[in-house]
Amino acid sequence: MSATTLERNNKGTEKFSSNNEQQTTDAKIKVKNLDLFYGEKQALYQVSLDIKEKEVTALIGPSGCGKSTFLRTLNRMNDLIDGVKINGEIVIDNENIYNSSDVIKLRTRVGMVFQKPNLFPMSIFDNVAYGPRMQGIKNKKALNKIVEESLRGAAIWDEVKDRLKSSALGLSGGQQQRVCIARAIAMKPDVILMDEPTSALDPISTLKVEELIAQMKKDYTIVIVTHNMQQAARVSDKTAFFLNGEIIEYDETDHIFSMPKDQRTEDYVTGRFG
Amino acid sequence: MSATTLERNNKGTEKFSSNNEQQTTDAKIKVKNLDLFYGEKQALYQVSLDIKEKEVTALIGPSGCGKSTFLRTLNRMNDLIDGVKINGEIVIDNENIYNSSDVIKLRTRVGMVFQKPNLFPMSIFDNVAYGPRMQGIKNKKALNKIVEESLRGAAIWDEVKDRLKSSALGLSGGQQQRVCIARAIAMKPDVILMDEPTSALDPISTLKVEELIAQMKKDYTIVIVTHNMQQAARVSDKTAFFLNGEIIEYDETDHIFSMPKDQRTEDYVTGRFG
Amino acid sequence: MRKFKDNFMLGLLWFSAFLTVAVLVVIVGYIFFKGFRLINFDFIFGDYSPVGHGGIWPMIITTIYTIVISLIIATPIGILAAVYLQEYAKQGRLVRVIRFATESLTGIPSIIYGLFGAVFFVTTLKLGMSIIAASLTLTIIVLPVIIRTTEEALKTVPLSYREGSLALGTTKLQTLYKVILPSAMPGILSGIILSMGRIVGESAAIFLTAGTVAAMPESIFSSARTLTVHSYLVTQESGDIELAAAVGIVLIVIILVLNLSATFISKKLNKADY
Amino acid sequence: MPSPSNENQIVDMKKSNKLKYFFESASEKLFLICAMLSVISLLLIIGFVFYKGSHPFVAEGYSFIDFIFGMEWVPSEDKFGILPMIVASIFSTIGALVIGVPIGLFTAIFLAEIAPKRVAKIISPAVQLLAGIPSVLYGVFGLAIIVPMLQNNFGLAKGQSLLAVIIVLAIMMLPTIVTVAETAIRAVPKTYREGSLALGASPIGTIFKVVVPAAKSGIMAAIVLGLGRAIGETMAVILVAGNSLILPTSLTDSVRPLTTNIALEMGYAFGTHQEMLFATGIVLFSFILILNFVLAKISSKGGK
Amino acid sequence: GDSNDNETESSGTGTDTVSISGSTSVGPLAEKLAEKYKEKQSNTNIEINQIGSSAGITNAISGVSQIGMSSRDLKEEEASELTETVIAYDGIVVVTHPSNKVKDLTMEEVKQIFTGEITNWNQLGGEDMEIVVVSREDGSGSRDAFQEIVGYSSGELIRNSIIASGNGNIKTTVATNKHAVGFISFEYIDDSIATLKINGVEATAENVLNQQYSLSRPFLFVHKDGNFTEAGQEFIDYILSPDGQKIVSEAGAIPVK
């Protein structure tokens, strides 16, 4: 099963464009021949990739290679940028997300944590309760519960439990990022996208978040961009290596790190320790 | 020589407050009994630390422990925040920087790279040339030279050399951060403060920057905040471990990582790999 | 040299601010000095009489009517228009046309608005000379101010807030109302305050559309005289500067009260203000 | 970890987004309508002014060239030339810009960047207060203080002059420019300041090299709005301009800008005279459009 | 017309509204008349809008107002649609700064001043200083009347004259400039300016009535016959009654009879 997926994707990276591959039915997210342009500038080239449910997929690659761009196509955050054009298809739960018009539903199902913490200028509580409230949950008790669970889940509860009502912007960078994670968790999404979620965290928080990811894997499908090879190695089941907007290699994480097929992948993953 | 420094600092970390320690004459930066308050909230407690010239000092510790706060006292960036109060003294080149009123001179000598890239909304070239221009360098050729050298130094030259005149804000996060480093280098400062400079960088760029740091050590005194233990281990000569606004331990990097004296330090540095 | 330039610019800044404040003091001082003798209970709360200095209570009420009605109409339209321009419209022709139109509206002399209002609202729409006709005319006058200032305020709201909110599966509308508008509140408010100033200070456009009836308006369909129109007529015809200044004092107090309450309201609304 | 009831609640919520999309698209249309309102207003006003103002040239055989370049304005003798007023408008606008914009911007910068918080908290609202003082009172102030001052200091027979107009307009522009620009400058992210200061730039250098350019769009808005106030202003100008029908050759000549001409005579005008005042409005309009165009050009150039 | 009248009557429940708009010179007088009239006739509500003669005439024609006030004569097109009533006369007086030594002018000298033939007060026996002429705007009723009686045309008016809008502005301008000369209505005379004799005759209401002093003009009420109510007619009747004319003279204007 996973072998099929892999094969398909390894082919995909060689960018042949015949579309007659079979669909694997258990893939949560299926990306096929995705091109993305920022105006004239192409940022993704024929990206194809299947992501299995309840697995953690890591995206690695050098700066500017298109990891964030790709990640943001999965919940259509790129829609916000003027002049972005997309070819190809992305299917989540057998539904082409670029055909379906319900972006809102998509985004409630596909949560996201950004590279830079982006808390709103509200209290910590209001930040975490923001999503649920917008879904119509008004009940005070239910909200309290969601907020506490989410903050605990993001390993930040103890630090902020006494100041839930004070501004979230008074927190340090690392604290803020963990509240961002809590905010995403509060939506109880199916899929969680994380764009270098721990790049602003210290190792202890990072560890907690990584543990959290491992635990969330039971319920959620997770796609994570990271620069940290060890993190990729520790948390992910599959790893995709991007270079200049293409997927060079996509495989079981173990394979990618121990016996990459592509020389460039090897250079990259070993460069770290070289 | 380095032994004296160490001894003194190990004592310092135990926070005895007798002030009759001898000054080591070769310390570039001497911090003594530094307290810092954000309004009512104390963020640093009796921090004392000597930083030797042409060495790399790493500051590590969990999120919110005061690393950034401490770093920013060294070029008085905390002056910008309302309600910050400071006790204690910081001496750079035998001059108490909080007595001397020439903050500008201080900051030209003590450069800084921030946690989040903060390029100005100008072209890449103008960003890097900003500092030198402010120092009065008008000569086109000289500026070109400085900009190129600095960008090369920050391992970003090849990626941007064709678009020097276009807006710096169009770059990816990692690219932006490297331009920020170039911008700091362009000032040819004595001391460079770096607040998690590589947290937004991919491993290859990180490696380049780390190499750069190793190379710059010949000329500059460097203080770097990092969450990455390996980075601390790779690049720094000394490491200070912060916890809750205090220095718990300050020593040769090797010692900190291989045989920390304090249990908390050990927990922290090994937690990473635990 | 740089020091000198800096000090020179600093001097200019101080000088300009001093000049502005001096102008403020002199003008307000002049108005108070000229008018304070007439201020008493009967003058403010008395009914108007063509003999002597008369009471101005009907004009105060009329002024408040025009402010409230114009703002009730113009504020939502202006804010929503700005929202359209900043948040919805593709930056293309239509936006350029709208922006050009609003900017051109700012420069049209109020007498032309007055004539237009007299033909369009008073005669064509058969509103007659009335407070409502004047308020509608004023709405057109202040729309550009509100639109432009709101647009500027919206521009300053970081993209990351929008992303953060949308990624939580909220609609644009929810994002707008929960995150974007609250963050833009201070800017919007200054636009509203400027508009109030414009409304209060307007004469030509009002007396051509609301007339100059110096009696308590029975409804918003009555013809009536605002304070500014009163002071205009008084200067124009009888040259009674004391009376004009006394009316000015009342106007200043009204504006002061309105500004303070607007600031207060925005503080209440703006969650960012912890 | 997630409690079932909450989860169900959210899952339930996730089903029905139809309504949201309806509101979403309805609101977008509403917003568009709001935005179009200003365009419609402008078109109505332009249509109105053009309809009225073009009549003499279209139907009554007056020459538009003579109108624009004519030196004589004697409505009761059928002479309609507005060159002196065009010149007066240009001079007074430029003059007010030259004085008002720098002072206004510098004050805004001072309030946003230099002034102690407490001082700014007092001055800013006070300056906004200036915006609310009716223009008539500015006129009265101009007539009672500025005009005699010019008269006495320059030994003039009359202080009603181009200079008086410029001073009054500059003063009237101040509140708009200061308020809008101050808001824009305050909105510049702190990271820019930090970045610049950390490079050893002086606070002043930081302000002029980083903060002000970053606030450029808001500053342009301030200038456009302030300029609008200056061009559109009539009541104060009438009182201090002198309204003489001569081509200004010095700052001390009394002048009649286009707006004043309209406001001054509209009350008594009828027939062709009134239409010619509307034609004056057309010229004023073109003047405003050209200015906006130039400003837009300048600001987009500055953007690169 | 008809439906309008019905509306007024039915909604009024006994209160009629007479809307009047027009000249800012006539306005203050009309307000005083209306105030006194209201004491007598409390069920009539009189609305007065001072928006300029032409606007008032336009309103009378378009029906926005029942009565228009004008301080200038009706032009042919206007006169064909409207009926006019002279409710009072307004005397016009030449004024200078109180410090000015010149107190008496001939009509010819007034003309020479306003047409720029005489440009210095010393030509008139005053101090050696430039004359600053202050006039009203072209089209203004006072100015039309003044020019017609003094005998010069708008084209002849000295070009660098200050043009002030309204009596009040002329008064303020003249009061703050010792070079200045201008003209205002009798109603606005006060201590801040000096009034001049013309041909040795003082500017008073009696002198206007006995035709010794020729600088005056009519104040007009105009209406369109189809748009004129009983209440309007009653108000005009009141103004022309002895009671009304007494108020006219108290206000500083000159009664019709």
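Which chain is which? They are A, B, C, D and E, in the order written, and residues in each are numbered from 1.
Keep in mind that, in the parts below, a contact is a pair of C-beta atoms (placed from the backbone, for glycine too) under 8 Å apart; a residue touches a chain by one contact, two chains touch by 3 or more.
Remember, predicted model here, so these are calculated numbers, not experimental data.
K.L.:
Could you tell me the least number of steps, going only between chains that touch, from subunit B to subunit E?
P.N.:
Shortest path length, in steps: 2.
K.L.:
Can you list the groups of chains that still touch once subunit B is no longer counted?
P.N.:
Leaving out subunit B yields one piece.
K.L.:
Would you kindly tell me how far, in whole Å, the mean C-alpha position of subunit C lies from that of subunit B?
P.N.:
Computed from C-alpha means, the inter-chain centre distance equals 50 Å.
K.L.:
At least two partner chains per residue is the criterion; list those residues in subunit D.
P.N.:
14, 20-21, 140, 144, 189, 202, 205, 239, 263, 266
K.L.:
Quick one: which residues in subunit E touch 2 or more of the other chains?
P.N.:
In subunit E, 24, 51, 55, 165, 169, 172 touch at least two other chains.
K.L.:
Mark out which residues of subunit C touch at least two other chains, giving numbers and ranges.
P.N.:
Within subunit C, residues 2, 158, 169, 171, 235, 241 contact more than one other chain.
K.L.:
Quick check on the complex: what are the subunit D residues that touch subunit E?
P.N.:
Answer in residue numbers: 72-77, 79, 140, 143-144, 147-148, 151, 157-160, 238-239, 242-246, 253-254, 256, 263-271, 273-274.
K.L.:
Give the list of subunit E residues in touch with subunit C in this complex.
P.N.:
Within the complex, subunit E touches subunit C at residues 19, 21, 24-25, 27-28, 31-32, 35, 45, 47-51, 55, 59, 62, 64-65, 165-172, 175, 188, 192.
K.L.:
Touching residues of subunit C toward subunit D in the complex: what are they?
P.N.:
By the definition above, subunit C touches subunit D via 2, 5-6, 9-10, 12-17, 19-21, 23-24, 26-28, 30-31, 34, 76-78, 80-85, 88-89, 97-98, 100-113, 115-116, 119-120, 140, 143-145, 147-149, 151-153, 155-156, 158, 169, 171-173, 186-187, 190, 193-194, 196-198, 200-204, 227-228, 231-232, 235, 241, 244-245, 248, 251-252, 255-256, 259-260, 263.
K.L.:
Quick one: in the complex, what on subunit A touches subunit D?
P.N.:
Contact set of subunit A toward subunit D: 101-102, 104-105, 108-109, 132, 135-137, 142, 145-146, 149, 153, 187-188, 219.
K.L.:
Which residues of subunit C touch subunit A in their complex?
P.N.:
For this pair, the touching residues of subunit C are 90-91, 158-171, 174, 178-179, 182-183, 271-272, 274.
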